[in-house]
Structure formats: C-alpha cells, structure tokens
C-alpha cells in the first residue's frame, strides 16, 4: 500500500486552508502531521480519508502498483477522530456489529471480543455508548477503526481524553500498525511524535 | 458592426410587433380586447420555462465539472426565470380576472406556473441556508435537477386529470395553430423577438458573472503566491 | 443489498430506542386531525373536501418526521462514520425503506381515525389502499432525498417543507384525485389515470434520487 498526495490545495471561499501539500508514504512508514490550531490538520486528514474532496490536487491509494478507485478507498482505511462519533443510543456491541457486518468481516465476533479486551473494555459491551465516559468512548473508537485490520490508519489527536494506561495501550497498537501498514497521525503533542518516522508541518496562512 | 445592425433590427422589429399587437392584429371572438395579452403573456411563460431548463442544464454541467462558474450561471438563469414566472403569473391573473371573473382558479396552467414559482423560491431559500460555497453549489444543483424531473408531470399529466379552462396552448396536441394569419405573425414575431432579447440580456449577465469569477480567481492566485 | 438491510436495521434499532421520528409523526397527525375534526364540527364535509384534508394531514405529518433520518446522522456527527463504511446508494435505500415503513405506521393509525372521526365513506377500498401504497413510495422517495439535502443546511425544519412541497405536489395532486374517486366510484378502472400518474411519478422521483444521491452525500 502506498499513498501519494500531490499538490493538495483546500480552500473555503477566500480562506486557504491547505496550500500545496505533497507527500508519499508506503507500508511500514508512519507520518505525523503537525501544526498549530486551525492550521488544517483535520482538513488534511479528512481529505486523506476521502471524506471531503480537495479543491485542487489529488490523493491516490495504490496497492501493488494499481490505483484503488475512489469509491473503494474506505475498505482500506481506519479513522479515529473527535468528529467521528459512534451511535450514542446503541450499545457498544450493536455499534461494532453494525460496522463489522457493513465491512463484511469474517468471524467478526471473535475479532471484536479480542479488541475489546486489548483496550480494556471487556464487560462493557452491552452498555449504551452514551453511558461511556469520554475516555472509554475514545477507546471504543479505536476498536471500531481497527476491526477490519486496515492497511492505513489515520488518527486525529491520538490521546484525546485517554488516561495514562489508555495511552500506553493505544501506543502499543499504533506501533503494531506501522509495522505492517501505514500510520498517519495529526497531533500537537510532542510525545506523540515518538510514533512518527516522518513529520509533515502544515501551516496556517 | 454586425452586432450594431442586429441591435437596431431588433429595436425596429420590436417596435413594429408591439404596435402590431395593439393595432394591426384582429381580436378574437369572445375574448375582445383581452386577446392582446397573448402576445406578451405567452412569451413570458415561455421564458420562465426556458430559463428553468437553462438552470437545470447549468446545474448538470456544474455537477459534472465542479466548476463554480456553472453554478453562477445556474443562479443567473434562476434569477431571470423567477422574474418571468412572476410576470407571467401577474399578466395571466389579470386576464383571468377579466375573462373568468376571478384572479385565481387553480386551473392546471395556473397550477404549473405556481409550481415553477415555488421551485424558484425553494431554490433561493436553499441557497441562502447553505454557507459553504461548494456545498451550496452542489446541493442547489441537485435540487434544480430534482425539480426538473417533476416539471413534465405538470405539463403532460395534470392537464389530463383536470379539465382546463385555459385557451388551447399554442402547440396543442393536434399540432394545429388556432389563430388567424395576422395574429399568428404578431404572436410568433413577439415570441421570437422576446426570446432573442432576453437571451441577450441573459448573456450580458453571464459575461458579468464570468468576469467577476475571473477577477476573483486572479486575486486568489495573487494571495496564494504572496503567502 | 446486505448493506441496505444493515443500515435499515441500524436505523430501526436507533428509532426503537429514541422513538423520536415515530412520536413526532404520529402526534402531529393526531393533533392535526383533531384540530380539523373540531373545526368542521358536526356537519359532514363532502368527499371532495375530505380527500383533500386527508392528504394535507398525511403530507404535513410526514414533513414532521421524514427528515429526521438524515438530520440525526448530521447532528450526532455520525454521517462521517457512516460514510466510512458504506456506499452512498445503500445509505439512500436503507433510509428510504425506513421512511417507507414510517409512513405505513403513520397510515395504520391515521386511516382508521380519519374514517371514524370525519365519517369518510369509501366506495372502493381497493383504489384507496392502492393509492396509499403507491403514494408512500413517492412521498418517501422525494422526502428522503430532500431530507438528505437539507440536513447540511441551517434552518432545517422550515426548509424541509418548502423544498419538499414542489417535488411532492404531483403525488398530492394525483393522490387527492384518486381518493375522491375511491369515495365516489367503486370500479378500480375509474381511477386508472391517477394511479398510472402516481406510479410513473414515484418511479421517476426514486430513480432521479438514486442517481443524484452521490452528489449530495460525497463532499
């Protein structure tokens, strides 16, 4: 898997959010997107996840030299971010079963149980998500994003709301991710940078 | 030069047509002086529909290309369209008061122009409720096309379900034109001349919008480079 | 197909827990119906008026509930989550079927109440129920599409009715006309042209919505 971002520009009316972003990452590489608040980190993550289209430029996902069509990109990526919520009224299990079945994951029940255990949420499967604390919701988002063993994991603010132990668990998962795939994180935290092999600074204009 | 001649020709022909509509063309039995509205009312209704079609066309082009210029064109078409829809409604309503003794009867023709007005109104309220430029362009284009789909229904199906008092449309089912020669000449010259005139106006608006867009892009690249 | 089904089930689960759309739509229908019934009082309105009233109540009740399905995703910030697991066409179909079911529940409550309170007599229940069935497809198709459009806008509630009305008016016009026939005549064939129009329009609006939905959903 390889991601190529070429001359990405994102503009909202007169306001330029991203100006000419270029990079290339391949399996086994992790990239940290850094920059101050409002510099366009989240916008870039959303463009990479194909949630919004760039004004100019392109993001291409390539597998074995072949470009993956835009409508299929979602199968290869996982995303954790503060703007990506779970269904609050439903239980954790209902949420995860829904995502897993939508993604057609074989033996998804075992996979979910395994991830819930890793993230320390075992036993809370049948609670509604709204009964979760914000830190636990963040853990649950990791479960949802990792279900299908994505080759590309995009994480916006990896540690938001997590406690010490949660951060440790998540770091371990992220290190694991970059061994076999691509990890892209957007962060302001210097500690998170230890996860990254490369840094990409985006600047507000 | 050619354009100048064209403008003068348009002016002279228009003057002749308007004079002809009031003096030369004979009146229709039963309608009396109210016959004359047809030379103005029908072309207006036609323009309202034409601009509606243009708006749908530009909306389609926008969705294909995501070029904001087409969105601006679609907006201009809709602005012109709503103007003519109002004019056609008002002239038709005054005529209806005289002939049918009420301003509004929900005749199928009245219903269809009313729907057109509603669609135009909805289009502009949707635009004003969307702040982000590309989102506004995209969603209003989708709405234009969705509304476009409902129009054939009012033209072909509603008149079949409901009995209409409206005089036979100009292009009726039999393909015959129910008019005298002189009426026909005035009517069609009015129709053609108004179409030419208002498409010309539309084209001026279009150029204006295009220039604005070019200026905006120029300024954008300037700030882009400065930074 | 499986994705459509899963989205429908997800939305049903959510609805079952909050009962937001169903409450809104049913209460609206009951309140409007009682207001109308109270206003008309003891004298019996003719079938012309009653058919129109029925569709007006049906239309405005559905306006109070059909948009919820997309507004909910937008307000709880789950639209992006959904975008990451599903293709647009399945999302549209799942939500369309949900709205279709919602309308059917509404009618199960509204129709008997309307008949009882307004003393509405049907000569041909075949015409009436066929009209409702086909009309539901049109209402749900157009309503779901407009809901998707307005979920991204501000002032959603008012906008929904304003935008839906011109799109759904063909359904209303032929629905009212067919309901009049159902009250006046007994032969199914007497409402043929209305039912054909209703059917044609429903097919057209659903097809157009499916084709255009990608543009609404993908930013």
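By written order: A, B and C. Residues from 1 in each chain.
In this text, contacts are C-beta pairs under 8 Å (C-beta built on N, C-alpha and C of every residue); 3 or more make two chains touch, one makes a residue touch a chain.
This one's a predicted model, so the numbers in the text were calculated from it and none came from an experiment.
Chemist: If you tally the C-beta contacts for A-C and for A-B, which one comes out higher?
Modeler: Counting C-beta pairs in contact for A-C and A-B gives the edge to A-C.
Chemist: Work out per-chain C-alpha centres and flag the one nearest the whole-protein C-alpha centre.
Modeler: C
Chemist: Comparing centres built from CA atoms, which chain ends up most distant from chain B?
Modeler: Relative to chain B, the chain whose C-alpha centre sits farthest away is A.
Chemist: Please report how many Å separate the Cα centroid of chain B from that of chain C, as a whole number.
Modeler: So the centroids are 31 Å from each other.
Chemist: Centroid of chain A to centroid of chain C, CA atoms only: how many Å?
Modeler: About 38 Å separates the centre of chain A from that of chain C.
Chemist: So, what's the distance in Å between the C-alpha centres of chain B and chain A?
Modeler: That pair's centroid distance is 50 Å.
Chemist: Mind pulling the residue numbers of chain B that touch at least two other chains?
Modeler: Not one residue in chain B touches at least two other chains.
Chemist: Any chance you could list the residues of chain A touching two or more other chains?
Modeler: Residue numbers touching two or more other chains: 53.
Chemist: For chain C, give me the residues that contact two or more of the other chains.
Modeler: Residues 219 of chain C touch two or more partner chains.
Chemist: Inside the complex, what are the residues of chain B that reach chain A?
Modeler: 66, 132-134, 220, 223-224, 227
Chemist: Contact residues on chain C for chain A in the complex?
Modeler: Residues of chain C touching chain A: 2-3, 6-7, 9-10, 13-14, 17-18, 76-78, 80-81, 83-87, 218-219.
Chemist: Please give the residue numbers of chain A that touch chain B in the complex, ascending.
Modeler: Touch residues, chain A against chain B: 11-14, 16, 19, 53, 55, 205.
Chemist: Which bits of chain A are touching chain C when the two form their complex?
Modeler: Those residues of chain A that touch chain C are 46, 49, 51-53, 71, 74, 77, 79, 83-90, 94, 98-99, 101-104, 128, 144.
Chemist: Where on chain B is chain C touching in the complex?
Modeler: Interface residues on the chain B side: 63, 111, 115, 118-119, 121-122, 125-126, 129-131, 135, 138-139, 141-143, 145-147, 149-150, 153-154, 157-158, 160-162.
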